[in-house]
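Comments concern the structure below.
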Amino acid sequence: MSWNTFGRVLRFTTWGESHGPALGAVVDGCPPGLMLSESDIQPYLDARRPGQSKFTTQRQEPDAVRILSGVFEGRTTGTPISLMIENVDQRSKDYSEVAKAYRPGHADYAYDAKYGFRDYRGGGRSSARETAARVAVGAVARMAIPEVSIVAYVSEIGGDAIDRSNIDLSEIDRNPFFCPDPAAADRWENLVDSARKAGSSLGAVVECIATGVPAGWGAPIYAKLDADLAAAMMGINAVKGVEIGDGFEVAKLTGETNADPMRPGEDGPQFTANHAGGIAGGISTGQPVVMRVAFKPTSSILTPVETIDRDGNAAEIRTKGRHDPCVGIRGVPVVAAMMALVLADHKLLHRAQCG
Amino acid sequence: MSWNTFGRVLRFTTWGESHGPALGAVVDGCPPGLMLSESDIQPYLDARRPGQSKFTTQRQEPDAVRILSGVFEGRTTGTPISLMIENVDQRSKDYSEVAKAYRPGHADYAYDAKYGFRDYRGGGRSSARETAARVAVGAVARMAIPEVSIVAYVSEIGGDAIDRSNIDLSEIDRNPFFCPDPAAADRWENLVDSARKAGSSLGAVVECIATGVPAGWGAPIYAKLDADLAAAMMGINAVKGVEIGDGFEVAKLTGETNADPMRPGEDGPQFTANHAGGIAGGISTGQPVVMRVAFKPTSSILTPVETIDRDGNAAEIRTKGRHDPCVGIRGVPVVAAMMALVLADHKLLHRAQCG
Amino acid sequence: MSWNTFGRVLRFTTWGESHGPALGAVVDGCPPGLMLSESDIQPYLDARRPGQSKFTTQRQEPDAVRILSGVFEGRTTGTPISLMIENVDQRSKDYSEVAKAYRPGHADYAYDAKYGFRDYRGGGRSSARETAARVAVGAVARMAIPEVSIVAYVSEIGGDAIDRSNIDLSEIDRNPFFCPDPAAADRWENLVDSARKAGSSLGAVVECIATGVPAGWGAPIYAKLDADLAAAMMGINAVKGVEIGDGFEVAKLTGETNADPMRPGEDGPQFTANHAGGIAGGISTGQPVVMRVAFKPTSSILTPVETIDRDGNAAEIRTKGRHDPCVGIRGVPVVAAMMALVLADHKLLHRAQCG
Amino acid sequence: MSWNTFGRVLRFTTWGESHGPALGAVVDGCPPGLMLSESDIQPYLDARRPGQSKFTTQRQEPDAVRILSGVFEGRTTGTPISLMIENVDQRSKDYSEVAKAYRPGHADYAYDAKYGFRDYRGGGRSSARETAARVAVGAVARMAIPEVSIVAYVSEIGGDAIDRSNIDLSEIDRNPFFCPDPAAADRWENLVDSARKAGSSLGAVVECIATGVPAGWGAPIYAKLDADLAAAMMGINAVKGVEIGDGFEVAKLTGETNADPMRPGEDGPQFTANHAGGIAGGISTGQPVVMRVAFKPTSSILTPVETIDRDGNAAEIRTKGRHDPCVGIRGVPVVAAMMALVLADHKLLHRAQCG
């Protein structure tokens, strides 16, 4: 795995900046013979697409994906699949302020410190727009793991969590928050809209559950399934925490309360609990793989924040322009895509070693 | 990075089972000319060594490390450094029960599902003994980053957290819990001892802080410093959660409360907060790198748990033998070692691209 | 390094088929701050471009490269550089024959055996058209090694070799064969034209010399500079042999005749011979890096050859369409590009470990 | 693949110096359940072992291998296999001369230029002793490809080639040269012995043929089977050239004379020629994989050679001590081992992608 490549045997490389002509990805190592067309990918991009409600950035991007290679007569050939998404709405604006001063919480200062300069237009490579490429690739990965179902949703915004006794997965696509609890979705309308109007932003938690993962995927010691998932998630823009199964709650448990007992079942072992989130010793157990991810509030806010400029002088910055009041919402399809990628990669990796 | 290899340009590969003749590691890509001898490594192994108090497993292992290659006349040569630690206390015991039935929470079932069979003696490769190799390698990595200081400690055991207004880092080595709050250390004596006597176990949280990391380390997009840290930590036995900076707390914050404002300083920018934990856009900012890791309670407990045997029949298992009542305690040197490895790797990686 | 990725820290991934909409490459790990525009790349593509003389395929492709990311205000940013070349002359033709029967010497049968089916249009991914992407990437790599000069030329076609006492490097660009010996170039006109008219094809040898490589590049044991060069060259379509320095001639030498004695020089050591081709122990010595590469004759010929069809029945095939009578000629820019890539990669790799 | 690691999914890392306490290797990604014990490995080490005839170095090393991990109850577990070989005959000698001056042709100068200093005892890491680790690993790899048979032999020493009409593979183990032509073996006795007595050395060519490789192994474009073989071979000490199939001879052929026609056969396609050496488009065709490798004469000779010392002053050096008069002879088991490793790696790699 290199800088802009993710995966071990099913690998993808993304490229592109927020305000360049296009962005895209190359998927390598995809099994041959899978049915694949743009229409298999587009729905996932549409779910992530900005400008669909007032709760996400108003940038208008069709995010139409094009397959440039690796597919012949509707099937993957086993050669690299090149995916490209053109940037359409690169609204002409004045970047002089952001070019000169650093937005606290953004990658501006860190990029300058590393590379000496940066493409400051819309965040350049550090823009969340790059995640469109991951979502496209995730759709390809899903074709390689038809046995797995992945669901992701927002479980908390700004400290207001869903009621776990009220989860209805069919609700997820019925509100602009990917929220499985309709009561919470109602509350979030006001919560997020208030933040938006105030020029502020909110953090969020996204949960992701994969069912159908057979026991045996994962490669100890340093390519554990959970370690790869943690890397995949922590690498998403704005993510600051990752949990598998009970996550930080395990620190409060005892060996007895944390146990996942096993019973004989008709189709193999049955577990009577899933504190482990479907992974033991870095290998899937056959239970659902369960993960939670924390997104920070967008650092682009209308409130002025103290900062410095490129010359090191004191300055103040207020991020104008189009931004997400809660970037965690649009993180949902990205989390699901990265889950698909890690699982597909480990399916192939397992096949390599264990036949 | 392969199955048992970690790192991008400073790479190490570990090997060995709990009850085999030895375990070890090969470190590759280490800069030449660093002073290195066994005595630079041994203190870190001693800190992790079992059997030093009644709060850790009673297995007696000197964990004496031997350097077999890569060092000449006291300095690293740039060729692979082979480190070996012999297993001494492979106490002869009856493994027939654990060979036949799966310990819930352990990797037993997952290893069998993956590989078809397993070395069941003491957990084999999935034993926490493997982390001795990581600690040894971490000591080598520290020689490559003399500008960085790393401190790690336990901040919570079984739900009982330290008082953050009472942290004294000099206390860490004065109690058997790596605890910086002496009052908490006192309470944990009873807490952990009770768990031990009851044959139970407790979860814990470990914090790790690296100071002296310059701005610019980290390689976006898929080799972000925080993504690599997350993988490093989630790959440690028993870890179920990883946070950078404020971690899951960010989900409750707003853009304003989460901001890390910058001010001009004498030696470069000064940040007046560190919610980000020293990393923005996957690149270090020059602030301390701050991380928290959740360890589950050891699954080896004396209370019988429902399980199945290798033939799929219902069984009950009760893990006899020597075990850690709170495995998070001995996780402290491992967390610090993995922090050192990720930072040293990224120092070299940054040098490769940015000169 | 994955399937379609080459390089260790300066990595590129190519994609695209002969008759798809486009082909391209993503370059990752390029140092920031290098001047780069399409006009730095285009001349190298023009040198490789088909249809420029009757001695190469008549396919008409402008091979115009577009930079889609990674460059801002004329300089590389350190983020991935996406390069795209559209396929223009995908002449509509009848592929029914090649779809059904295997061309001996081609990758047709091997691709089918591996992937179950293949994109048969123009060779699909196995077409030498893919090397356009390598040439484009090579131009980027050259920007990272301004200290190095690379020259490549054809030294032999169809068994007719250049006269080494008659080499004039300034001749290389004055004939359609990249030939440094004008007398040989004259002879080759007839030789290659006869083969072309007969519907036959000829093998060739390409030599490549890099000067200015400092001592110290290369990473023993398994990333030796010569090993990476060998992989780079053997991976070029139609290549069947690679030599460093004296190559197979060394098998006829003794220790005395093969020695490269050293003498003190004003700017470091002077070697009085270069049998080793500038590499010892896998590390550059500061002498010119010298390499020779053997290209087989194009297997696409007008003479009918015995083969089988996809159903395993006996068949006969005669490859119509546009082809290179001597594919080694257009291999020259590809060999030089791969030399540049390996050297640039090892420059960065050396910097990572040795500062 | 890192500095001292080779392979893509079946990977090994070697370590150790000529005069350190031991050398070894860690094999990662080996399929579980393979029968493996020291006695499966030792015969291959014995074939490479020095001191067995007057035609190889007189260093006395038992080269007894120990398996330290990854095998349980006689079978591989899927976890890393650690192999160790102790150095026994590290004859105490005066290294002051070689410590001060560079042996031309050796890696001495290049190592110093790269790393700033070097372990000069017996060549340190650049010693051919390291290849013992490869031979041990190759024996493990062979267990993973029971369908493949590999034979290797010397086909030429000092310009004196075998008679191809007189090849009898059963002769290979009956002479100290791994020579399949008994008449050539007779001649070589005098040839090599004369070189030995004169304190000189001779180059050689080694051929290697693998039969039983099914069609479909190899991963285009940059992990082609032949590219990986070329890297594997060029990375062996003293190798300067690699050919697949007809190698450099193809440069003299035409499309017609180079064709490998196909005919229907009972067990799949039959090829009526094998100019390609069993690989087309980087993928195996089902024919025997054929390779030739050129070894230079050992640079350690008794004749004084002009050189410089570490301070850059003119000097003269004459390599005393035990050396191989023809290092290509002991290269035979190494070539075969690397062939096994590349094939086993590609078997697993193919399985990953194509199931």
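When the chains are written out, they are named A, B, C and D in that same order, and each has its own residue count from 1.
We adopt the following convention: contacts are C-beta pairs under 8 Å (C-beta built on N, C-alpha and C of every residue); 3 or more make two chains touch, one makes a residue touch a chain.
Model, not experiment: these values are computed from the prediction.
Considering every other chain in turn, the ones in contact with both chain A and chain D prove to be B, C.
Here B-C and B-D are compared, and the pair linked by more C-beta contacts is B-D. If you average the CA atoms of chain C and of chain D, the two centres end up 26 Å from each other. As a whole-number value, the distance joining the C-alpha centres of chain B and chain D reads 39 Å. With centres defined as mean CA coordinates, chain C is found 46 Å away from chain B. Counting partners per residue, chain C has 2-5, 9, 14, 29, 32, 78-79, 114-116, 125, 220, 353-354 as the residues that reach two or more other chains.
Taken together, the chain D residues at the contact with chain C in this complex read 1-6, 8, 14, 102, 104-107, 109-111, 113-116, 125-126, 130, 156-159, 195, 200-205, 214-224, 226-235, 237, 240-256, 258-264, 268-269, 271-272, 275-277, 279-286, 294-301, 303, 305-308, 312-314, 328, 350, 353-354. Every residue of chain A that touches chain D in the complex is listed here, in rising order: 9, 29-32, 78-79, 220, 348-349, 351-355. Listed in rising order, the residues of chain C touching chain A in the complex are 2-5, 9, 11, 13-17, 20-24, 26, 28-29, 32-33, 66, 68-70, 72, 75, 77-82, 114-119, 124-125.
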